[in-house]
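For reference, chains read A, B, C, D, E and F in written order, and residue numbers begin at 1 within each chain.
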Amino acid sequence: MKLYEKHRLEIILERMAADRAGRVLEGAGVSGYTVLPALAGYGGSTKWRRDADISATRDMVVIVAIADRAEIDAALDQLQDLLADHIGVLNVSTVQVMRPDLF
Amino acid sequence: MSMALDTLTSPIILFFALGLLAALARSEMTVPEAFAKGLAIYLMMAIGLKGGVEMAANPLTGEVIRAFGAGIVLSFVLPLVAFMALRLTSKIDRVDAAASAAHYGSISIVTFVAATEVVQAVGLMPGGHLVAVAAVMETPAIITALLLASQAGARKNVAGSQQGELFREVMLNASVVVLVGALIVGWIIGPEGFEPTKPFFVASFQGVLCLFLLDMGLSAGRGLRQGWRQLDAGAVTFGLYMPLISAGFASALCWVLALQPGDAALLITLAASASYIAVPAAMRLALPRAKPAIYLTLSLGVTFPFNLTFGIPLYLAMGQWVGA
Amino acid sequence: MSMALDTLTSPIILFFALGLLAALARSEMTVPEAFAKGLAIYLMMAIGLKGGVEMAANPLTGEVIRAFGAGIVLSFVLPLVAFMALRLTSKIDRVDAAASAAHYGSISIVTFVAATEVVQAVGLMPGGHLVAVAAVMETPAIITALLLASQAGARKNVAGSQQGELFREVMLNASVVVLVGALIVGWIIGPEGFEPTKPFFVASFQGVLCLFLLDMGLSAGRGLRQGWRQLDAGAVTFGLYMPLISAGFASALCWVLALQPGDAALLITLAASASYIAVPAAMRLALPRAKPAIYLTLSLGVTFPFNLTFGIPLYLAMGQWVGA
Amino acid sequence: MSMALDTLTSPIILFFALGLLAALARSEMTVPEAFAKGLAIYLMMAIGLKGGVEMAANPLTGEVIRAFGAGIVLSFVLPLVAFMALRLTSKIDRVDAAASAAHYGSISIVTFVAATEVVQAVGLMPGGHLVAVAAVMETPAIITALLLASQAGARKNVAGSQQGELFREVMLNASVVVLVGALIVGWIIGPEGFEPTKPFFVASFQGVLCLFLLDMGLSAGRGLRQGWRQLDAGAVTFGLYMPLISAGFASALCWVLALQPGDAALLITLAASASYIAVPAAMRLALPRAKPAIYLTLSLGVTFPFNLTFGIPLYLAMGQWVGA
Amino acid sequence: MKLYEKHRLEIILERMAADRAGRVLEGAGVSGYTVLPALAGYGGSTKWRRDADISATRDMVVIVAIADRAEIDAALDQLQDLLADHIGVLNVSTVQVMRPDLF
Amino acid sequence: MKLYEKHRLEIILERMAADRAGRVLEGAGVSGYTVLPALAGYGGSTKWRRDADISATRDMVVIVAIADRAEIDAALDQLQDLLADHIGVLNVSTVQVMRPDLF
C-alpha cells in the first residue's frame, strides 16, 4: 500500500496548559490531535506521580498531532511561547500515513 | 489542653498522620486520583447540602451578611499581608510570593470541615451560611495576587490563552460549582427533602473524611519530601506564622462585627487556612512561571498539617474569646 | 401539578440541573470516568437486588408474565416507529435514523429509578419484576435497528470483527450482567439475606443517585453544547415527541393487558426512555458509520432531561389512568 | 452441611460467582481499576479499625501473643511445604515454584473477612488481634521464597534496582500500611471514637464487600481463562490440596497453643489462604523471571474460589474441633 | 550497542474498535502491541473529553505496535478497511530496536 | 523555526519495573522522561487488560524520554539487562526539537 509522508508533533505538557496548546494547534490549521494522560515523570531534579498529589497540579499530558509540516511550522512559534511559560517539551518526527488528504 | 488532645486523637487526624508518615517513610501506596477526586466531590456535596438545609431553616440575619462581608474582605486583604511577609522573611521571588499569597487568602474546605467538628463538639452551633462564606472566600484572593504579580510584569497572555478561561477556572471550578450548587439545592429542598439522602451525606460523612484525610496525608508527606529543598527557613516559618496572622486579622474583624463564637471560630479557621486544589490550578493558568513546588509545599505540606493539629483548637479558643 | 413541582424540586432533579447548567456555562468540572462507572455499577446492583428480593417475596403471577411480554414487544416495535418518525420529520439519514431508533426502543435505567421514586411517593407499589422487564427491554431494539440498517446496506463485516463480539457486547454488557445478576442474587437471598447489605444498597441509594445525576447533567449539558449543531429542528422535536408516542403505545398495551397502575407507570416510563450507555456502545460495533453526535445528543441531551422533568409525572398520570 | 449451604448462598459468594461466570462467558464488563483499588483501601481501613477497636477493649493476653507467634511461624514455614509440593507434583520450574510458594505462605484478606462473617454467624467471637496476625503473616513468606529462589541462583540485582526498594514494597505496601495503620488508629480511638465512623465502616461494609467480590470474580474468571493453559494438572491440583495442607499445619499449631475456636478458625483460614495482590507485586520486583500467569492463576483462579466456597466451612469445623 | 531497524505503527482509534484492530494485527503476525488510553481530542470541528461523557462512546485509544515492515504491510489493507468505518487515523515510522528477533 | 536533532527513547515496560528504568535513565544523564499508563496489550499468546485483573500485576506503562543520542546509548546497556528480566520492549527514533540545550 502506498504511504505518504506527514509529520508527528508530540508535546509533553502540563495538563493545565493542554487547552492552550490545543487552541494553538487549531489556530495553525492542524486537522486533529489527541491528548494522552501521563502517569509520572522526571525532569531535572524533581519527580511527579499522578496519584501522589491531591492537587494534581503537576500532572502532565502528551499531545500527539499528525499533520502537514506546514501546519506544524505554523504552530511552532506560538508553542515556543507557550513552552517558555508552561512546563513541557516538544518534538517533531517524520511518519507515513495512508490517506494524506485527512491531515 | 484536653481539647487539643481530643483533636489530636480524632480518627481524621490519626489517618492524616498515617498518610503523612507512610509518605515520609517512602511507602509507594497511593489512593487513585479518580477515586480521591470522587470523594472530594462527595465531601463538597455533603457540606453544601448541610449548609443549605441549615440556611433554609434560619432567616438571613444581619449577622449572616456581616459574615459574608468579613469573608470577602479577608480574602482580598490577606494576600497582601502574606505577600509582604514572604518578601520580607524569605528569598522567594515576587511572582512566587504573589502566587503563594493567593493560597493564603483563599481557603481549605477540609480544614473548615475539621474545625466544624471541633466547634460542634464543644456545643457551639455555627450557622450553615459559613459554608457559603467559605465558597465566597475562594476567589477574591486570586484577584489580589494577580494584581500583585502584574506589578512585577509577570502577567501577559500566554500563547493559546483565551478570553474567559481563567474566569471559568476560578468561578466554575469543581469546588465552587459543587459547594455553591449543593448549598442552593439544600436551601431549596430543606430538611424534609434532605431526609432521604442523609444516610449517604450525613451518616457516612465522618468515615469518608477519614479515607480522604489518609490521602491528604500521603499528598502532604510527598509534597514535603519533594518540595522542602525549594524552601528556605524563612519560607517554612511563613507557613507556620502566616495562619496565625490571618487568624489575628479575622479575630479582630469578628470582634468588630460581633459574630457569634461558633461562626467566629469557623471564620478565623477559614482565614487561617490555605488552598491546595483550586488556587494551584488557577495559578498554573494565571501565573505559570510561579513554581508549584513552592506554593504547594507551603500550603499542603506546612500550613495544612499545622492547622489541622494545633491551629484548629487555637482558632476555636480565639473564636470563643472574640465571639459575641 | 403539585406533584410535577415535587418532582422538579427533588434533590436528584436539582443536581441534574446543576450539572446541566455548569456544563452549559462551560465549567471544566468533571466526575472522573472511573468513579462514575463505579457508581453506575453500584446503582445497578442496588436496583437488581431490590427487584430480586421483592420478586422472591411475591409469586410469579400472570400479570408478571404479561409485563414481560409487553416489554419485549415494545422494545421490538418502538424502533420501527422511531425510525419512520425520524425519516419523515428530520434530515437524518437512514443509518443514523436506524441507530437512533435503537436507543428509543431500549431503556434508561436512571429514568426508571427516578420514576420508581415518584410512583412510590404517591403510594403505588410497583412490582420488583419491573427491574427484570427493564433488563429484558435493553436488547430487542438493537435487533430491529440492525434489520432496518441492513436494508440500507449499511451492515457489513468490518475488518477484525469477530463472530459473537456484538452478541457479547449486547447480551453481556455491564448493565445486563449486573442488573440481571443482582436480580438473581436478590431472588436467591431473599429479604433476610438482603438485610446486612441494606445500609449500603438501600439507605445510601438516594444520595449516590444525586451524585450520579450531577454527572449525568454534566454529560447531557456537554452533549448538547457539542452536538446541537448536528441536529436540525426536526430531530430535536423528535427527541421531545418520541417519548410521548412511546408512552402512548405502552399505555395502550398496559390497558389491554390490565397491568396495575404502578407497574403500568413504570412500563410506560421504560418505553418512553432512551438508552445512552449500552446502545451507543453496541452501535459503535454494529453500525460504526452512524454518528454518535446525533444519537447521543438526542437521547442524553434532549430526551433524558425531558423525561426526568416533565415526562415522569405525565407517565405516572397515564399509568394511573390506564392501570387496572 | 446446612452451614456450607448458607455460605454458598450468601450474597458475597453469589456476587463472586456472578463475576466468575460473566468472565468465563467472555463478558467485557469491568470494574474500573481506580474504583476497585479505592474499595480495597476502604475494606482494609474498615477491617483494621474494627480489629483495633476490639483490641482496645480486650487486654493483651498470652493467647494473643501465641496467635502472633503461630502466624509468623506458619508464614515462614508453609512456603517450604508449598515449594516441595509443587516441585514434586507439577512441572513448574524452581523459580516459579518459589514465587508461587510465597503466595501460599502469605494471606488473602478477603478470604479472612469472609471467614470472619461465617465464624461470627455461628456465635463465635474471634479476637480483634487476628487482624494484626493477618497483617503480620503477609511478609515472612516472601523471605522464605527468596531464600528458596536464591539457591536456584535466580536472584541477582536487576539494572536500576535500588537498595531498599523491595523492603519498601513488602513492608510499606498499601495493604500493610492501611491495615496496620487503621488497627493502630482503632486501638487509639477505642469504641467511643469509632462510633461516628461506624455508619461508613461497619454498616456499609457488607455491601461494599459484595461489589468488591463481583470484581474479584471477574478477575478470577479472566485469570482462569487466560492462565489455565500455563498450568498442568499437577499445578491445578496443588491449588486445591495446598490450602488443606496449610490448614492441617495450622490446626495442629492451634491445638498445641490452645487457641479458642473462633481464633483458631480464622488462623487456619489465614494459613490456607493465598495472596493475590501484595505478593505478586513483590515477586515482580524480587523474582521478575517468575511467570505471573502461573502464580496468579493458582492463587486467584484456583485457591481463592475454593477457599471461599468449600474451604471456609471446613476451616470453621477444624477450628471448632481443635479449639480450646 | 548495535541497533536494528524496525517499524512503529501507531493507530489512534475509537476505543470500541480497539479489539478489532488488535485482531487485525494478530492476524497479520505482529508479535505484540500495546493500547494506551487517551484523555481528550480534537478532529475536524468536534472535541471529546474522557471524563465529560457518561456514555464513553467517543473515547479514543492509541495502539502502538513495534514490528517488521512486512507484518505492518500485511495489516495495512485491513486497517484501511477498519478506518473507513471506525473513527481513527494511523501512522507508521522507522525506529531502532535492540533485539530484532523479538519482533 | 530552526529545529535540532535529538532522539526519542520509548520503553514499553511492566509497571512494577518503571522505577528501575527511571533510575537507569537518570543514571545515564537523561534530562527527563515521562511515564504513560497503558490500558491493554498483547504479546506472544497472552493478553492483558488494566481493569480486568485486580492484582494489576500485568499492567504495562510506556516511558518516553527525549534525549541526546549519547545519553540514550549510555542507558541501553543497562536497559538490556533490565529487559532481560522484566517484561518489555524498547525502541529509539530520531526526532527534532526546538531548544536543544534542554535535553
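Here is the rule we go by: a contact is a pair of C-beta atoms (placed from the backbone, for glycine too) under 8 Å apart; a residue touches a chain by one contact, two chains touch by 3 or more.
It should be emphasised that the depicted structure is a prediction, and the values quoted were computed from it without experimental measurement.
Path length between subunit D and subunit E in the touching-chain graph (shortest route): 2. The distance from the centre of subunit B to the centre of subunit E, with each centre set as the mean of the Cα atoms, comes to 44 Å. Between the Cα centres of subunit A and subunit C there is a gap of 39 Å. Inter-chain centre distance (subunit D to subunit F, centres taken as mean C-alpha positions): 34 Å. Those residues of subunit B in touch with two or more other chains are numbered 30-38, 199, 203-204.
Subunit E has residues 22, 36-37, 79, 93 in contact with two or more other chains.
Viewed as a contact network, the protein chains fit none of the simple shapes, being neither a path, a ring, a star nor fully connected. The full set of touching chain pairs reads A-B, A-E, A-F, B-C, B-D, C-D, C-E, D-F, E-F. Note for the complex: subunit D touches subunit C at residues 9-11, 14-15, 18, 22, 25-36, 38-39, 199, 203-208, 210-211, 214. Here subunit A touches subunit F in the complex through residues 10, 12, 36-44, 60, 62, 73, 76-77, 79-80, 83, 89-93, going by the rule given at the top. Only residues 23, 30-33, 36-37, 40, 158-162, 165, 215-216, 218-219, 222-223, 226, 276-277, 280-281, 284-285, 288-289, 292-293, 296, 300 of subunit C touch subunit E when the two sit together in their complex. Of all the residues in subunit F, the ones that touch subunit D in their complex are 14, 16-17, 19-24, 27, 46-58, 78-79, 81-82, 85-87. Taken together, the subunit D residues at the contact with subunit B in this complex read 32-35, 37-38, 41-42, 45, 49, 168-169, 172-174, 177-178, 181-182, 184-185, 188-189, 193-194, 196-201, 203-204.
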